[in-house]
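Shared between the two complexes below is chain A, which has chain B as its partner in the first and chain C in the second.
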Partner chain A sequence: MTTSAFPEGVKRCSGSQFILWLLPAFLVLLIAAYAMFRVWGFGLNQTNMNDAYGFALWIWADLAVIALGGGAFFSGFLAYIMGVKQVKNIINFAVILGLVCYSMALLLLGLDVGQPLRGWFIFWHANIHSMLTEVAFCLTIYLGVLIVEFIPVILENPKIQRIRFFHHLSHNMHEIMAVFAATGVFLSFFHQGSLGGVPGVLYGRPFAFREGLFIWPWTFFLFTWSAAAVGPLFTASMCRLTEIITGKRLVKDEVYQLLAKISGWMLLTYIIAKSLDTIYWATVTAPSAGFSLMSFYTNNPLYGIWILIAEIVICGFLPALILITQKGRENRRLLFAAAALAIIGLCINRWVMVLQTLAAPLKPFDEWFMYSPAWTEVVTTIMPVAVGIIVISLAYRYLPLFPQERELNP
Partner chain B sequence: MFPFAYEWTWYLGQYLFMGAAGFAISVVGAGLTFCIIKSIIDTVQEDEGSSDHH
Partner chain C sequence: MQKIPSHTKARHFGMVIDVDKCTGCASCMVACYSENNVSFRDEESAKMLSLNWIMVYKLTNGESFPDTEVCYLPQPCMHCDGKEFGKPPCVSVCPAVATDFDWPTGIVSQIYTRCFGCRYCMAACPYHARQFNWWDPVWPADMEKYLSPNVSARTRGVVEKCSFCYHRFQLARQKAYHEGRPEEIGEDEYQTACTQACPSGAITFGDLDNPEHEVYKLKQDRYAFRLLERLNTNPSVYYISKRKWVHRMADNYLEGEVPAAFAENEA
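Let's look at the complex of A and B:
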């Protein structure tokens, strides 16, 4: 069906079909809202976090969604600063995806602080030597930037465009979008990096501690690099998923292939740097603290050496090599299989840097500290997926997200 | 965050951190303000143009 509220020249499903599609997502949201009520109402005793796990599932989810949402800043960098025109065909979608990821990350942090009424302390009484303070400032300001970047997309709805002021506003905002995009890149560089810096500066945790450059451990640069490499692949994968669900082609293959090529080279250089970092850590940094590499991978039920191989070889080198070859990129299935591997690799990286860091024993008489999340943590961690489905569905239905849609679906 | 908060100290690190944060907020705020003012001017000019035409 078509109405004047939909983007010009495109077809969308009926209202009842749309509501039916959104229903499961709203159900998950309802359960998550109940879990949030319990956590905020009764405190962090509703979770399985404890003295050993001050950081747990939520922080992993935060780090993962922020890195995956990095597609917004890197696509913005490519489109508005480097002038790569083809990326503009997917930039609106990248912004929405980034907005969902970042707003959900902040919501999970709001749960994780345990005392949300004191959440403003980190801004007001800022300890500027803390990586987490830098993360809080950059994340919050960058969320503001993403909202500003999203406003002109909303204003492009045909009904809103009829109001002349909004028509001019969306035009004028597009004109100076490079300024907002540059600010976003500046903020993202620092918060992605500082998220990596948090484990990297933990002197008392030899699994995570890294040496580095001036005040920044190597993990600072590796986190930014990996987010810039995998973020656009996540954007492309979610776009492809939207194509499969809607049964329409939304973006030309050349856009996917260009993103895959850029991400492939970024991923290859990242994984080489990550490998060098791992070798130096395993042969110099960890032994200097009295640990061997296998100290961190044996005598526990979860963290075998397989996790390191999975992260670096199977979900690192393999997808990077597929994506840098033209044949790999031209085969759509192979391209998205490689993208999925890269996304899994990034999630494994964030998992080990948060949770394996806390699980590994520090003293010879220590046992591995294992942790399994409570249902409240699991449901609230799934919540970003439900919110993503709702927001992206609404945006796809009412906003012109994909400039190539009309041409590809005559 | 501000000089009147008790933990504030006057030194380079504080200037750099808060300066960068303030700069980012100012750029976004100024950009947004510019767009809103220009849109108001554009709308008024368009209205005047269309009334002159009639």
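Let's look at the complex of A and C:
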């Protein structure tokens, strides 16, 4: 008797339909591969970055995908450390999403450095005072943890399960997974914070600079908190998207609602802290360097005060208030609309902390530095989406990602 | 972080630029290109893509004729002491220690062979004093023969910046050592290329902490100021101008605030 490659008791589309579905993603991947060849082959002159924009689209993408991939660490924290059983129904998906986000972030970082072959210097000649060093260490180790967390999920494939060794390996790995989850949580808390520290310590850049606690600027804590709040919402949203694409229910509504409730309260506390931080920065920190709040939001074609309102009110308080109310969570459309707003808010936050920081003029005789990315930057930034589609599609097809799928699709 | 070895005399090199004397001739820029093997391309109009260790900015007071005034402001790396001494904004952020604060001289170094081009230092520097090698350096035919053997050429993908002609300090120190006066380097023995090239004598260079050096006196001029001083970067480059609008162009002020040099007059 032959064993099906698909998880037991579930239906999957035909092979040709599956390949057809993956085709556009592979096309994007192909174009991105060409862009990577151009950048690695001819250098960063293939981008639209310049001396004013040493950091640009890729660094924003790094910060954003790592924060969104934070669903993996926070879901792991809830499932394995806090013992929230419902979250286990979505944890496999969260791990895969995290793995895609983190591996793509590292790839983009590899693309972003001027001398990729010297990339190992960051480990070998590590400057322990640099936030980027901490990011590199934690990110790399956490990617390793995510791979370890993903292995038992791969081993769950029915064909692989037939092999006795892998069957036992997968069982034993499940037993010790809490240890890895705890390690992942520890590492992730630090590197999410360090990513916040990257702009926060720049005391020569008053738009980004923040005071803080000991060596950690307030952005250190705000980045961690926002990633923990919005990461699970991203996981839930992507899971819902998978449901829409596959036409199947994969996770019970109560799982979504639980994640939304936790995220909602975290988002609310985060956005209150962010508002307080903004008020202090606008009234104390920036004026001490001779800048008024509006000097950062006028005389340029893009960065108006709207961006601050969009981030804090429309994409902060509004989704948080929807998610903390039971009625808001029980209405599926409203729940995912709020999640989408929160995700956009987080992306805006990462954008302004990187791009607006560099755009704002410092010398009175400087003008705003504006930037639009080159095609090489855009297509490689879209690449994580294409890779995500391919990896999640393969994982969904061949691995038992969703324990509730059989029950929900009899 | 490295401290000053006990047998080394501490110096604090810096520059004072009298912008009222600067004519904007850019001799300093040319001398710097030549001295430090700074590469250039056929097309140099995009200033944010070109390399220049010292950049001359043209400032105007914004008034219409006949009240128009112009000022030329040469800007090298500020070799900041940092908010905390020895911690300039760019140094502590570099993940691979490719840039460092040299305690015996106060000079901020850049180690090209260590830099892997993450550009975090560029994001940290408020002066845009650091530049990235977006292209491989290519010199016109035969020009490679005229490159200085004392300064290493940089490759594509690394950051570079003004070094206060550190190689000249090394040569001066070497000479002094061989002449049996290891710690005695005269003011004239170590001067940067831009200082020597300036035809109007606008640039003065020396040890900011040595009372015998000209810069020691000049930095105490009533009209001396530093660029973006309120960011607490503590630059080692000072400027002098008697014109109030120039002071206003050098830092950010809220409504009602007045540059320090003119505060008494206003009061």
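Before moving on, here are some points about what is shown:
Operating definition for what follows: the second predicted complex is superposed on the first by the 407 of 410 C-alpha atoms of A that agree within 3 Å, B and C clash if a C-alpha of one lies under 4 Å from a C-alpha of the other, contacts with A are read in each partner's own complex, and residues count from 1 in each chain.
In the analysis below, contacts are C-beta pairs under 8 Å (C-beta built on N, C-alpha and C of every residue); 3 or more make two chains touch, one makes a residue touch a chain.
Model, not experiment: these values are computed from the prediction.
In the superposition on chain A, A:I176 makes contact with chain B only, while chain C stays out of contact range. When chain B and chain C are set side by side, the one touching more residues of chain A is C.
Judged by the touch definition given at the top, the superposed model places A:L341 against neither chain B nor chain C. Once the two complexes are laid over each other on the shared chain, residue contacts for A:H168 go to chain B alone; chain C is not touched. Of the two partner chains, neither chain B nor chain C is touched by A:A386. Residue contacts after overlaying the shared chain place A:V148 against chain B, while chain C stays out of touching range. Of the two partner chains placed by superposition, chain B and chain C are both touched by A:H125.
Shared contact residues on chain A (touching chain B in one structure, chain C in the other): 124-127, 129, 133. Residues 46, 48-49, 57, 59, 83, 89, 92-98, 114-120, 122-128, 130-136, 155-159, 227-228, 230-233, 248-255, 257 of chain C touch chain A in their complex. Taken together, the chain A residues at the contact with chain B in this complex read 123-129, 133-134, 137, 141, 144-145, 148, 164-165, 168-169, 171-173, 176, 179-180, 183, 186-187, 190. Within the complex formed with chain A, the chain B residues making contact are 1, 5, 7, 13-14, 17-18, 20-21, 24-25, 27-28, 31-32, 34-36, 38-40, 42-43, 46-47. By the touch criterion stated above, chain A contacts chain C in their complex at residues 43-45, 50-55, 112-116, 118-119, 121-122, 124-127, 129-133, 136, 198-199, 201-206, 287-292, 295, 357-358, 362-366, 369.
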